[in-house]
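The data blocks that follow each hold one structure.
The following pair of complexes shares a single chain, chain A, combined with chain B in the former and chain C in the latter.
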Partner chain A sequence: MEKIREIVLPGEEIILGENKPGNGIFIENGKAYVEYLGVKSIKSGYVNIIPLSGKYQPQKGDKVIGKVVDILSSNWVVDINAPYLAPLHVNDTPWKVDFGDTSKYLNIGDTILAKVMSVNEVKQVWLTLKEPGLRKLQGGHIITVSPTKVPRIIGKDGSMIKILKDMTNSKIYVGQNGIIWVEGTTESILQVVGAIRLIEREAHIIGLTDRVKEYLSKPKKGE
Partner chain B sequence: MSGMKTDLKLIDENGKRIDGRGFDELRPIKIEAGVLERADGSAYIEWGGNKIIAAVYGPREVYPKHMQDPSKAVLRARYNMAAFSVDERKKPGPDRRSIELSMVISNALSSVVFLEQFPRTAIDVFIEVLQADAGTRIAGLTAASVALADAGIPMKDLIVGCAAGKVENTIVLDLNKEEDNFGQADLPVAIIPRTKDVVLFQMDGDMTQEEIDKAMDMAINAAMKIYDLQKDALKRKYFSIVQEDEQ
Partner chain C sequence: MSKFTESVVSEIKKDYIQKLLSQGSRLDGRAYDEFRKIEIVKNFVPRACGSALVKIGNTQVLVGVKIEPGEPFPDTPDTGVLSTNAELVPLASPTFEAGPPGEEAIELARVVDRGIRESKAVDLEKLVIKPGELVWVVFVDIHVLDYDGNLFDASALGSIIALKNSIIPASKFNQGDDFPLPMNHYPATVTFAKIGDNMVVDPNLDEENIAHARITISSDESGRIHAIQKGLEGTFKIEEIKNAISMAISIGNKLRDEYILKGD
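Take a look at the complex of A and B:
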């Protein structure tokens, strides 16, 4: 059991003590203040604010699910649910794409599982598909959740997502940006959607894992 | 609109105002955070007869593209009154007044948000006045800053405001509709509570320097009380989310 963590609001003063300021803290006139709404966490000498809401902020190495929204001669433009659209260059794909042939591989509306290759100072994001497992997602169903709920859906060491996969016999990918891709029979997709909405809604009530299990083992409607 | 003639007695013999308040009493205020599902952040405020909803979207791509700033985000607030918000139907759409209020609210909010963290984006704030009863710009701004915090947008502090004014040669706090229409002056003030920096200051009517100083003090003191309500609204919404981490 962790001790109760404190909710902090923008502008609240933080007493650092011997710790250093980490994420979500700004210094003004030698004093430390909270930058955004979140919970305070002290870890290895740093005080960090873990956000409780907000848009997805791309981080290098994140696996994300995105939708192709535009095609250029050597790029695809991908919407990854972040403040910015992210380009994917042909050199960062496993395919050998001729100049101008981009639409043969990915078209507008296609969904891809990609990795954030780099984010620079002005927040420009580049994606890559050059890694095992990263690919175009065909078929399936997309669910969008708040990015802050993603750790809840994955669970501790992937425990929750494993339950979802095993009990519904479906394929699931969870993007760090809060987009979830599910493939399976219609019934199993409906079950996963229901379970994810349950996790979103009741994440704070103790015994979530048991309730998800109970929900998934209940006979479906019409049976 | 102050300065109109009336037979109404705005302050009675016992020193009570038309709605029974004392000179330095606020109207009842209720704030709720996160009332809209689709917005990134939202808040609802009931301030006396005012009923206002604020919604925040973003940071997101800027459209039209020419408005985007490569070095920072643009914060665009839109203040809008519903057609049914006032006694006589308000013609829908932006007018001189709401364009100006949108501008002063945008400027006030821009002074606390860390815009430089989101270059090339827009943060859109929509303030919809459902029912108006004087002091809507300040109530809208107070709700908008709660909505921004709810959206997880990095900011130096919340913004909180209150109005004061002059009615029958007396300085009073938080004018209601009758006092606003028939009083002598109205002075909306918004501050950054931590530093007491003034981010919005307007005046309609006439007051002397001493009267302004007195009205400012009253408004700022009252604003600090409203600041507690803002914090309480946000903590109430997020308390349940924090409990999940204790599992």
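Take a look at the complex of A and C:
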């Protein structure tokens, strides 16, 4: 079942009916209004506005890819492409780090795959590495896309990402924050990057999967 | 915050770019001696005496020329005045800040200025109205609109095209008829970045961020070198410089034929 997705404008009134207001909706004088330009979606009793563009808004439980930008005695500061930098405390890592020894484990410029442990009301984030699979990423290549395009790159039940992985024989990890890590031979990385740029550009046009397949079956060079 | 995080180079990206270069290719699929796509809009600002909008890939620079009568410098009473200024506006990159020009902006303006001045591109001697008292003063203003690496070449290209299309507004100042700015030469500037042991032309932002050393060479149509600027802390071997010079001349000739002299 394919429904036409309704684009809503900031300030537009939303009739909630029996649903509750979700993300991107504010209430004034008992009426519900849209906060930003986006697409309306109704899911499990909530009306949400999915933004068409914008920075990554961290949510608890998201797996994100971040860059270490500063080291403190018992913290690392990580850029996860969100409005604020996210700290990672030594207690939230699988390592036993002595006070002041933080730089032995992660250094400035390193990339990590982490999970958002908590987000408070002012969108400050704490990260954790204490879970299987979360780690420092090594090798491969990093690219950044708009966080709003992440669902398109993953596809329905991971269909798009599976095509990318299978057809290029590479490892891909898509962070919810729009940062993507690709590992494989240099040719396959170039192919994946090209395909992701294609998805980014043409996400709204029907038949995306077929075009991506067609793109990947041809040899390509560069972004 | 963003200034600080943007300037942190991701190790993964750095390793990947170096690996690609060692295999003979670049991030965007270009050859070592290949420029990104160049687009030029001449006379972009109708109220300026001359102007040019230059896009090299995602780098975007707007150059405007303003010409007005003024006093010559006491040590050069018989020549006009050329003054180049560059502005790195915060709009262009998260790493640029508002305020007086910093080191980067001053270096950019000086490198562009030297290329034009030392090649005697503008015939400053023809810009004298009354020796020692009144000459034409040429202001070249470089406005960086979008920063994705290689500001030197974009600004130098924009400046020379803007100057070439400039008209001296003599009638506005009761100095006779308007006339085109007299030009002698058309220097072209080519910048190389050294990453590992490889030299690449027209580095983009990612390549510029991980480069050890940078060299900018300005040459004219007869293959004479007029200005060289070396940047960053890395070093070059003599052969690398010789190689860079010969490449700069051949690429410079291509740029000149395709973009600077086009339309004549």
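Just so it is clear, the second predicted complex is superposed on the first by the 217 of 223 C-alpha atoms of A that agree within 3 Å, B and C clash if a C-alpha of one lies under 4 Å from a C-alpha of the other, contacts with A are read in each partner's own complex, and residues count from 1 in each chain.
Here, a contact is a pair of C-beta atoms (placed from the backbone, for glycine too) under 8 Å apart; a residue touches a chain by one contact, two chains touch by 3 or more.
Note that the structure is predicted; figures quoted are calculated from it, not measured.
Engineer: Please tell me, clash or fit, for chain B and chain C sharing chain A in the overlay.
Structural biologist: Superposition result for chain B and chain C: fit.
Engineer: After superposition on the shared chain, which partner residues are touched by A:54: those of chain B (first), chain C (second), both, or neither?
Structural biologist: Once the two structures are laid over each other on A, A:54 reaches chain B alone.
Engineer: Should A:110 be classified as contacting the first partner (chain B), the second (chain C), both, or neither?
Structural biologist: Once the two structures are laid over each other on A, A:110 reaches chain C alone.
Engineer: Looking at chain A, which partner touches more of its residues: chain C or chain B?
Structural biologist: Touched residues of chain A are more numerous for B.
Engineer: For A:72, decide between first (touching chain B), second (touching chain C), both and neither.
Structural biologist: neither
Engineer: Touch check for A:122: first (chain B), second (chain C), both, or neither?
Structural biologist: first
Engineer: Scan A:35 for contacts with chain B and chain C and give back first, second, both or neither.
Structural biologist: It touches chain B, and chain C stays clear.
Engineer: Quick one: is A:27 in contact with chain B, with chain C, with both, or with neither? Answer first, second, both or neither.
Structural biologist: Neither partner.
Engineer: Answer with first, second, both or neither: which of chain B and chain C does A:85 touch in the superposed model?
Structural biologist: Touch status of A:85: both partners.
Engineer: Report the closest approach of chain B and chain C over their C-alpha atoms in the superposed model, as a whole number of Å.
Structural biologist: 5
Engineer: Which residues of chain A are in contact with chain B in one complex and with chain C in the other?
Structural biologist: Shared contact residues on chain A: 84-85.
Engineer: Could you pull out which chain A residues touch chain C in their complex?
Structural biologist: Against chain C, the touching part of chain A is residues 67-70, 79, 84-85, 107-111, 137-142, 181, 186, 189-190, 221-223.
Engineer: For chain C, which residues count as touching chain A in their complex?
Structural biologist: 1, 4-5, 8-16, 19-20, 23, 25-30
Engineer: Give every residue of chain A touching chain B within the complex, in rising order.
Structural biologist: Within the complex, chain A contacts chain B at residues 1-5, 7, 9-11, 13, 24, 26, 28, 33, 35-39, 51-55, 83-85, 122-123, 148, 152, 203-206, 208.
Engineer: Which residues, counting only chain B, touch chain A once they are in their complex?
Structural biologist: Residue positions touching the partner: 40-41, 58-61, 70, 112, 114, 118-121, 149-158, 192-194, 231, 234-235, 238-247.
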